[in-house]
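Paired with subunit B in one complex and with subunit C in the other, subunit A is shared by the two complexes that follow.
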Partner chain A sequence: MQKSLHLDPNKCTGCLQCEMACAWENHRSFTTAKSRIKVFAFHHEGRFVPYTCTQCDEAWCVLACPVDAIRLDPATGAKIVLEPTCVGCKVCTIACPFGTINYVASTGKVQKCDLCGDHGPACEKACPTGAITYVDADWTGLGKMRQWAGKTDTNPATV
Partner chain B sequence: MAWTKNVLRVNLAAGTCMQEPLNMDWARDYLGQRGLGTKYFLAEVDPKVDPFAPENKLIFVTGPLTGTMAATGGRYSVVTKGPLTGAIACSNSGGYFGAELKFAGWDMVIFEGTAPKPVYLLITDGKAELVDAAHLWGKTVWETEETIKKQHQDPQIRVASIGHAGEIGVLYAGIVNDLHRAAGRSGVGAVMGSKNLKAVAVRGTRTDAYQIANPDAFFTAVDAGKKALAANGVTGQGLPTYGTQVLMNVINELGALPTRNHRDVQFESAQAISGEAMHEKRPTDGKANLVTNGACFGCTIACGRISRMDPGHFTIKDKPQYQGASGGLEYEAAWALGAANGVSDLEALTYANFLCNEHGFDPISFGATVGAAMELYDLGILTKEEVGFELPFGSTEAVVKLAELTATGEGFGKVIGLGSKRLCAKYGRPELSMTVKGQEFPAYDGRGLQGMGLAYATSNRGACHLRGYMVSPEVLGIPIKMEPQATEGKPAMLKAFQDLTAVVDSSGLCLFTTFAWGLSDIQPQIQGACEGDWSEDRLLLVGERIWNLEREFNLAAGLTAKDDNLPPRLMKEPAKTGPQKGAVSKLDVMLPEYYQLRGWTPEGVPTAETRTRLGV
Partner chain C sequence: MRHVIIGSGPAGVVAAETLRKADPAAEITLLCGEAGPPYARMAIPYLLKGQIDEGGTHLRKDADHYGRLRIQLVQAHAQAVDTGARTVTLGGGSLLPYDRLLIATGSRPSLEQIPGIGLPGVHACWTLADARTILAKAKPGTCIVQMGAGFVGCIIMEGLLSRGVDLTILVRSGYMVRRMMNPTASGLIRKWCEAKGVRILTHTQPQGITAEGGALQVALADGHILPADLYLSAVGVDPNLEFLAGSGIAIGKGILVDANLQSNVSGVYAAGDVAEATDCLTGRRQLNAIQPNAVEQGRIAALNMAGRSARFKGSFVFNVLTTLGLASSSFGEWQGASGGESAEVLDASRYRYLNLQFEDDRLVGANTVGFSDHIGAFRGLIEGRVRLGKWKQRLREDPTQIMQAYLAAAHSVA
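And now, the complex of A and B:
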């Protein structure tokens, strides 16, 4: 069974533990500028929104790459950047409709979320509020369905 | 090493930015942030300096756990000589600014001199430059942040700035970062303004600026710490749900909520301005004041309040800039703007709090000063003619109007901007000022909670709840329950709290973790991040050393044991109502024992033996 990152802005407090965990996983540093997941503050709405790659099935970054440096990890479904192959042309950063693959000047390569391979996403483990979960990729809507199901009134006395 | 080992020295007069190595001997003795900043400050500044003179310095300083995954590891402090108190000033803030400074590769920024014209400091990793701020001078904190980000086409820049209050020298002006997190107390923003320094803007992208000494040990300790915060009733439930406002009804019911300039110890409308009230739907628009809770950098508690006002409220009806969500009321602000003045309009208090954030001034000192002015008005000493409008206790309009006037320095706002001590002295009634060392009390009555009274009297930065939070034992039973009116054991408990607090304030962590964490939870996190020996004994010695160093500064600045006092009202006028009815402060019983436990003479001076033991 494949899994997906599931992001719930309603639970996010903007603490950036996820960004630090990502930066640590990939750069052995807490510098959030290097994170592949970003939390956006919509200050005047009072909303914090974590955002990262959704691992498109037909991934435009993969299709756009001229040197085949982005490959599918069949175990997780993640599209992963092969650093030795990447030439840093940045075409993928233009192709991605969501902005979730980005150039890293210090390495001359691009980086994107790779779901951290077989040990599971570090951001999910670091999130203190459950705003980031790692769930069955086929059932990312389950929580919402459950919520609506709970609103269904089946008590005959009140129908 | 969790320190970057880099200090940025900015000479505002000469316009130079120089890098120098951190004094690691001092880091080993004072850890970071509050302790290390104070050590540098004492080494470089004459304690007798005029706070607004170019010779005063202003230090922004992080701790070794700032910018790490340790829960709440995002704090920074601002150290200077405070204009409100003439004592050491050290104000601590969260938000995202402190961590960004570390990511850019700096433990500390020391500002010296005065810029010939308004400037801001722009730090981009290893590069630092002073930039002309003519276009920012006069702008609010909110406008300044937005303008700097736009100007440099980089929304990821973090900004700490002063508003108009800091520019014009409101004596309790603060420094505000990330729109509504503040190094709020003692007037550190006024010192920044006196230096013509509008803002510090930072972007940090380095991955090699500092290292964690022992990652395995660090993460083990950090994960355990996070679990403890989540499991604790205060940090896991109370604070995320109600923020610090969880205290409003509790402290009121206990009879320790100073009301109307400490005339009363209970506020009849406390419920209306409480954390619970912020959750209730308004009759006007059906929405609650509170939108959500928000966290500072790395914080797994998330006590911050994000509020949205009723857009139809009289204060903001025609002002769209206040109709979106922004930083809402914390307990101290709700108390100072509300109970201290007898005002119970939650929306109006939220607006006044927005103004404090937007223009950069401390809601505690501001609200408490208005309370003193209302008492002077009530006694007929202040008149409508002098103020420009009526100023009775309970007047929502007056609080709002004075917040607006204080922000801009217009009319009677100019006098309110001087703080309670100078206001009451100006009108010949100094005893009505509810201050210690010139700084206004926060939201706990020193008669109702005897330990807090002692904490206020002995706090090195003037009246303050964050130097030794005796509310923990006296109200919450942390780490043990102590009766509010008892004096026995209070001096020893306070000393322990003060020393532990100095450690927390020097580490990069938030003091609020200590509702759930003791030193045994904090020590392994510091030990995991920092090389060398950071045993509990050593850390407590560091804390005690910091406390004594601050004391030495104050003594050298001219303060004496006479300044370790409380206003006559708390010593002589008994609490009128509630469970503490009849109580006055028993400071005189506790203070001699406190001095003794500190290893100080009866005159409050560290003995030669204490100085030698601590190496101060």
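And now, the complex of A and C:
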């Protein structure tokens, strides 16, 4: 059974431990701006919403990449960016209707959540409140996300 | 079932791959107009910069990719299509029979109609062969005059400047990338380029080009003569459709296709730059020569060719551009919808700008400059026709709250 990140805004306090863990994991830096998971603050509502790639089946980023730099990691189901192959053209960043693949100026490449490979997501380990959990894919809100994706998808049929 | 795909750009390659998954027994022939493996024109700017080699431009990196999928690559130009006999005439006159045909022949650079456009030293920057020529000729101090500052004209500048050339850009209108950017965004891009040492001449176009002692002379309307070692012509693109004359395939600006991406002729489909499909925002048919559209149409056309009904729900125009390191993007009705409202925020000294356009409580268009985080959400909001509710007013007050608006309105998480 493949696992997915389950993000629960009701449990998020906006502490940004996840962003720091992600930035450290991927950039050996605590610069949260470089994190692949982002916590969005809703000041009117007093609410924090953690958000990152859902590793969707449609994978607009994979389809749109002109140089085959985004591949499926068969072990985790993550769509991962091959940095040496990515040219930094940013086509994937406009193709993904979720806004979860982003250009990083300091590397000249794009980045997205890769679920941290075989050792499991660093954000989940860092989250002190259980707002981020790594669970069997069927347990997450993935179905809900996909349902929404269907509204923007040009065609829900996959092969 | 014999599937023939004319054109090996992103639309054609994705179509061939999709066909293989959907129909394991099919015969798939992919006609390639150029020598070598299928490649991405989007990668050429990075080849010019020296960031990648030619292999880095290839659409698929595994040398055996097409062989493994039993996709037969044939280097040939289609000369004609006989829709009655279901054959494609190749150069040399040989006939290639098909049961299902996909036309994905893409675009080619528009040709400027001025004297001297055929001279040696005058080039487009479109193919790998063009890139090789430019790489051979563009040396430190080489004087380049480039006509055009659209998407291609802008995206190749970094590669050219990285070679130490002296670059002058001629712009017919008053604005760079005027088909993608509003005047404010365009002005920021111009200022950025000029700060990087590029000379930009707006309201300028050449009257003719002559060759004098190994160099070119570019004559302007005001009588000025610009000397040039190299003249690059980047005035837009036109779809490759001429070979379809007399085929009975209905053509407007492009090949007119239905929601299955089928033309008026049964069994003949089109995808990518040549397909004139319905825009999901305006409801009007239009060409949409962008990479995400090409691959999505390639996928959907292929599913239909394989007998699986799949509908193309329409697309809209959006694009992302990097000009000498400055990122910008353009979505949908960035000019504004009639009766709609807008919001913008500008920080000119830091080259940052957002322009949002609304119709009722939906986002219908946007421009960004110097702002590249989460820009895919603009597509999600616009294509999903997401009702913003109270978030429209919040965005009018602070356009940078776009991700909060997206999460709240599209995902109901706040």
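Note that the second predicted complex is superposed on the first by the 140 of 159 C-alpha atoms of A that agree within 3 Å, B and C clash if a C-alpha of one lies under 4 Å from a C-alpha of the other, contacts with A are read in each partner's own complex, and residues count from 1 in each chain.
Heads up, the rule we're going with is that contacts are C-beta pairs under 8 Å (C-beta built on N, C-alpha and C of every residue); 3 or more make two chains touch, one makes a residue touch a chain.
It should be emphasised that the depicted structure is a prediction, and the values quoted were computed from it without experimental measurement.
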item	value
Which of subunit B and subunit C A:Ala126 touches, first, second, both or neither	first
Which superposed partner A:Ala21 touches (first subunit B, second subunit C, both, neither)	first
Comparing the two partners subunit B and subunit C, which touches a greater set of residues in subunit A	C
Touched partner set for A:Pro66, first subunit B, second subunit C, both or neither	second
Subunit B versus subunit C as contact partner of A:Ala78, first or second or both or neither	neither
Subunit B versus subunit C as contact partner of A:Arg47, first or second or both or neither	both
Contacts of A:Thr32 with subunit B and subunit C, given as first, second, both or neither	first
Shared contact residues on subunit A - subunit B and subunit C	44-45, 47
Subunit A-facing residues of subunit B, complex	67-69, 71, 96, 99, 103, 156, 179, 203-209, 226, 230, 240, 291-300, 302, 304, 306-308, 324-326
Residues of subunit A defined as touching subunit B within the complex	13-17, 20-21, 23-24, 27-34, 43-48, 106, 126, 128-129
Interface residues, subunit A side, partner subunit C - complex	9, 38, 40-42, 44-45, 47, 49, 51, 60, 63-64, 66-68, 85, 87-91, 93-103, 105, 108, 145, 148, 151-155, 157, 159
List of subunit C residues in touch with subunit A within their complex	10, 14, 18, 21-22, 40-43, 45-46, 51-52, 56-61, 291-292, 295-296, 299-300, 303, 308-315, 318-320, 322, 327, 329, 331, 372-380, 383-384, 394, 403-404, 406-408, 410-411, 413-414
